[in-house]
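There are two complexes below, and they share chain A, which is joined by chain B in the first and by chain C in the second.
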Partner chain A sequence: MVEFFQSIVNGIAVGSAYTLTGLGLTVIFSVYRILNLAHGEIYMLGAFISFFSMSYLNVPFFVAIVISMIASGVIGMILERLVFRPMKNHGEADFLIVTVGLLFFISNLAMYVFTPNIRSIQGPFEQNTFNFLGLNISQQRLFIIIITVILIVALHYFNFHTKTGKQMRAVAQDKHAAQLMGINVNRMGVIAFFIAAALAAVAGTLMGDMQSINPAMGFAPLLMAVIVVIFGGLGSVIGAIVGGLTIGIVQSLSVTYFSSALSNILLYLILFLTLMVMPNGLFGRKSYE
Partner chain B sequence: MINKKKFMMSAFMSLLIFSLILAGCSNSSTSTNSNGDSDVFKLGGLMSLTGAAALLGTSEKQGVDLAIDEINEAGGLDINGKKVKVEFIPYDVGEDPTKAVEYTQRLINNDKVNMIVGARENTQLAGELKITDPAKVIVFNATASTPLLSVGAKYGFNFTDNGAIEKHSLIELLADDPAVLEKAGLDVDRIKDVKRVALFGRNEMYVKQGVAGAKEASEKHGFEWAGDVLFPPGTTDFLPFVTKLKELKPDAVILDTYSYELMLPPLKEMLQIGGLDWTKGDILLLGNDVMGTQHFADTAKEEGINVDGAITFSAAAVGTTPEIDALYERIKKKFGKDAQVSGIAQTYEATMMVFKGLEEAGTTTDTDKIIEAIKKTEYDGVRFKMTVDEYGQLVQPEFMLTIEDGVVKDTGITYLEELYYGAANEIVE
Partner chain C sequence: MSKITSNKKLLSLLIVLVIVLLLPLFINNAFYLQILVVAGIWAIVVLGLDLLVGYTGYVSFGHAAYFGIGGYTSAILVMKFGAPFWVSLPIAAILAGVIGYLISKPSFRLTGTYFAIGTLAFAEIVNIIFTNWESVTGGVYGLIGVPALFPNLKLYFYFVYAFLIIIGFIIYRLAASPVGKALIATKENENLAQSIGIDILRMKQFVFTLSCVIAGFGGALLVHLVGFASPLSFTVNTSLELIVIIIIGGAGTLIGPVFGAFFLLILSQYLATFTELRLMIYGLVLILVIKYFPGGIVGGIKRLATSMKKKGRKLDGTITSAKS
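On to the complex of A and B.
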């Protein structure tokens, strides 16, 4: 039984990181109706900004995260203005191709500028584990869960209790109606990209601390984040949360009780079944109605 | 408007014709003698110069560049008394298997090569060899670690280990005489406590080869095979997989990943979840040749990971010799002080051995003759005397290493013939 609950705890810890990456994709989709496949590259840039902040500016880990959030947010805003806004009258396929192009452009540019060398972010976490009722969780994992919860609450507050957040929700529900109501849709796009990039920077830094950073690090988390948001429902914050946690837990349980090598197969099987039964994901349809 | 269109079309056609003339000129610049041997020997290259494997791919290219430069500076290859210059035609295949196939076809059909160095990824090699073997084009690599290039290809050479050979060496050490281990300065009690062996790695051909090697060696020497945990490619979080590893209750764990982003995170998880902490004696940590580099030990230390006590292996003894120092100096002089010297040296030596085989074959075109000549060639490498076996597999010793006080040390234990059995000579399905 301990094994089962330990798997659930592991799944929540893993799922929190997926959620954090998936949230950024969700925020952009809610305003722009596009799946930004270059999101993983912002995740990578965020990790590098934190790394360079700590290495060259000698700032502490938490200050580096804030710097990275702001700097990545600004990069997100620039991308919105230079790449996405000029494309806003194009079809979804064009957008998708542009995001793929952007993915390779940023990734190869980073490979050239940063070199393929592996670097590491030195977080403040000790390599010790909290033990509760026989269940273990590391200090670092617990911190990621806490940060994810804080950011979810902050995002929820922004969406439902601020004027800008409400405007952004209005754009997400009906862009043309929102425009008729005098909401500046372009401004909402800029803000969405800032928030998404800032969230990606946090995720990249935290995972960069736990793992290591290199210019190719953005693709695998992007793939997982895409699964999370498609499963949870594109554009739905609650979908990203439930999707991230569900996928984390399913992955953890499948590794524990089935074959570790088959864990991704089970993951995709669940994704296919969900899409067949609920094409908009778990929460996608509700959020658009 | 029409005139402008006509002008653009004419300009485009002129450029096209001009390019074709230039291409024709460049092809006609290579003359051929009566034996079909050209004044220039073209060596093709399929290398991962971009993407996650760019570090290795760049080292590979530099190794070939160095070998070719040295040969050409000396006048060229000596083919039956005639000097033949070497021209290198490398293509970047990233990690894309379709690119490998596309460029293989281009190298054979357009560039007219009959020898290619690379690719190194198994997925790329599988497609490449389907084209090269029927076309009698030789493929070799010094960093691929795959049996595809030896038992899997008639016209292939694998100039490094292949997943199974090196796992044999780790288990061989566990089973070695306590007196030998003690003389090597290893913790004999810790090693002799090992009853159950497990392996952790990515689900891919190289690791499956390693699992087969480790399992058969464990059974051969009376160890219990605790099992393997193979995570799928694209895994970003290792926690569930390391937890599964812990449940296997191993006494020794072989970490069979070979890139830092797949080595450091699992090690961190192993330290954090408890029960797999080698620094506290929970397990004996066994690693590969990447873990056996000082650079990895230093990087791990920077990440707060102490790999002291780990046992690893390498194709080169740790202690330097004047020959190794001289080669490393030449590499640094050419590619800078940050050059990945050992990786560059590995490809350099493989390329030089192949060139020696070409000279001994006395031909640059008859690939059957070249294959036979390379198989008979002995090359005095700076690490060891290089030869290949009947399958085209480099016969290389494994120098057993350990890490002590953050420093990689040679144990003085070396294995060679005893490693070449079972999965070392077959492709594990």
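On to the complex of A and C.
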């Protein structure tokens, strides 16, 4: 029984990272109506920026995360301006393929520049674990969960209590109407990319601290984040949260009790069945067509 | 299209064909010959896939699965059951087609991004099965020592290119037939196409299945050529590379993806030691092609030709016309 709950706790920690990555996909989707398949590469870059700022600038871990958030956010803004905004008038399939191009470009550029060597981020966390009702939670895992909660609250505040956030929700609901109301849609796109990239950078850094970092690390979490947002419903913040936790827990449990191969099959099966049975996911808005 | 231009086209195509078919007489280097054969196999696969991507506008991120199913099926039939090639190759193609057909049924309830992700999900499952069903697929190491179809590469070359021509001809005829017109209508506006009595679901399923059959056949050819079947040959990356080839060559032009296959495979040999550099270039070219050169290589050539003729015909070759 302890094993079961332990596995759930681990799943929540990993699921938090999926949520952070998935939230980025959802934020971008709400403005651009496109699944950004290059999002995992921002996750990877975020981890590397943290790594380099710690090893070359000698800044502490938490400062490195902030630097990484800002730097990745700026990279996201540049990508929006250079790649995504000019694609606005193209069809969905074209757009999707451009994000694939971006994925190939960034991940292989990183592979070329950083070399495929595996590096590790030296986080400040100690090996000892918290003991809570007989469950062991490592400091890293606890930290991921706490940070995720803080960022979700911040995102919620932004969405519902700031003018820009409200504007962004308006754009998500109806781009043309929002534009007619005088909302600068381009500005919303830039901000969405900044937020998405910053969240991915946090997820990348924290997961990089828990595991290790290399230029190919972005693809697997991207696929997980895609499963999360499709399951939870594209464009829905609550969907990304519920989806992230569900997928994290399902993965953790199935790895514990079956095998990692079966776990992956199960996750992709969830993705496939979600698409077949409820393409809008749990919380996705019905498409208004 | 007037009779004269179509004859001209046919003539130029014939000349290219003759040159290609004479190539093995001049190339004795097994390495280059092998590249040409591999390029021919990829060309066969992308020809089939272009009918889906270019003509219906549905992007599949999962065709490596059917490529792999064909490859593994033929390898297993030959190695474990001692089946002759003329049995294993058709069965490989048919099995890929049957699985593709079964998957196409639910998949076409989706459009756009969702369709692409759905195909990707299925392909990932297939790849996990390849990697983990050790007793049958050999697991991570794959099946090693798959027997070759022919004792020498030149025979292989002619076999593959004969099929490239036959399949190319069939697909070309299909694209020019009412089916092709219906597909284009579907791409332009699905609801409208349906309203004029096109059974779009059946049409899309047919094209998807056909592309899977061809991919399965190509996979079988490839596995016997290289002598092994590994799960690493049929990953998401493979699926994405197929799409890259189609887009860079020119989606919906049929001949374009064939050019694309040759172009990228030969490029990949020059950059064989720099895989990351090659994929980086792919990515960049992909973005630039979509943004600035819709229609890829062939679209570019066509545009050049039309601007020289000053006809100003509208050209197709972009893969989507606002499907949202």
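The definition used in the following text is that the second predicted complex is superposed on the first by the 281 of 289 C-alpha atoms of A that agree within 3 Å, B and C clash if a C-alpha of one lies under 4 Å from a C-alpha of the other, contacts with A are read in each partner's own complex, and residues count from 1 in each chain.
The rule is short, and it goes like this: a contact is a pair of C-beta atoms (placed from the backbone, for glycine too) under 8 Å apart; a residue touches a chain by one contact, two chains touch by 3 or more.
Bear in mind the structure is a predicted one, so any value in this text is a computation, not a measurement.
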*Should the superposition on chain A be reported as showing a clash between chain B and chain C, or a fit?*
clash
_Once chain A of both complexes is superposed, is A:N264 in touch with chain B (first), chain C (second), both, or neither?_
both
*asked:* Quick check on the superposed pair: does A:M276 touch chain B, chain C, both, or neither? Answer first, second, both or neither.
replied: second
*Could you look at A:S252 and tell me whether it touches chain B, chain C, both or neither (first, second, both, neither)?*
first
*asked:* Quick check on the superposed pair: does A:D94 touch chain B, chain C, both, or neither? Answer first, second, both or neither.
replied: second
*asked:* Contacts for A:I34 in the overlay, against chain B (first) and chain C (second): which applies, first, second, both or neither?
replied: second
*Which of chain B and chain C A:I230 touches, first, second, both or neither*: second
*asked:* For A:V14 in the superposed arrangement: first (chain B), second (chain C), both or neither?
replied: first
_Which superposed partner A:N108 touches (first chain B, second chain C, both, neither)_ = both
_After the superposition on A, what does A:V83 contact: first (chain B), second (chain C), both or neither?_
second
*Between 39-47, 75-83, 129-137 or 237-245, which run of chain B pushes into chain C after the superposition?*
129-137
*In the superposed arrangement, what residues of chain A touch both chain B and chain C?*
108, 111, 223, 261, 264
*asked:* Give the list of chain A residues in touch with chain B in this complex.
replied: 3, 6-7, 10-11, 13-14, 17-18, 108, 111, 116-118, 120, 122, 127-129, 136, 138, 140-141, 207, 210-212, 214, 216-217, 220-221, 223-224, 248, 251-252, 255-256, 260-261, 263-264
_Partner chain A, residues of chain C touching it in the complex_ = 53, 57-59, 106, 109-110, 112-114, 116-118, 121-122, 124-125, 128-129, 131-132, 236, 240, 243-244, 247, 274-280, 282-287, 290-291, 318-324
*Provide the residue numbers of chain A that touch chain C in the complex, in ascending order.*
33-35, 83, 86-87, 90-94, 96-98, 100-109, 111-112, 219, 223, 226-227, 230, 261, 264-265, 268-269, 271-272, 275-276, 279
*In their complex, what parts of chain B are in touch with chain A?*
50-52, 54-55, 58, 203, 229-232, 234-237, 239-241, 243-244, 247, 259-261, 264-265, 268, 271-274, 299, 302-304
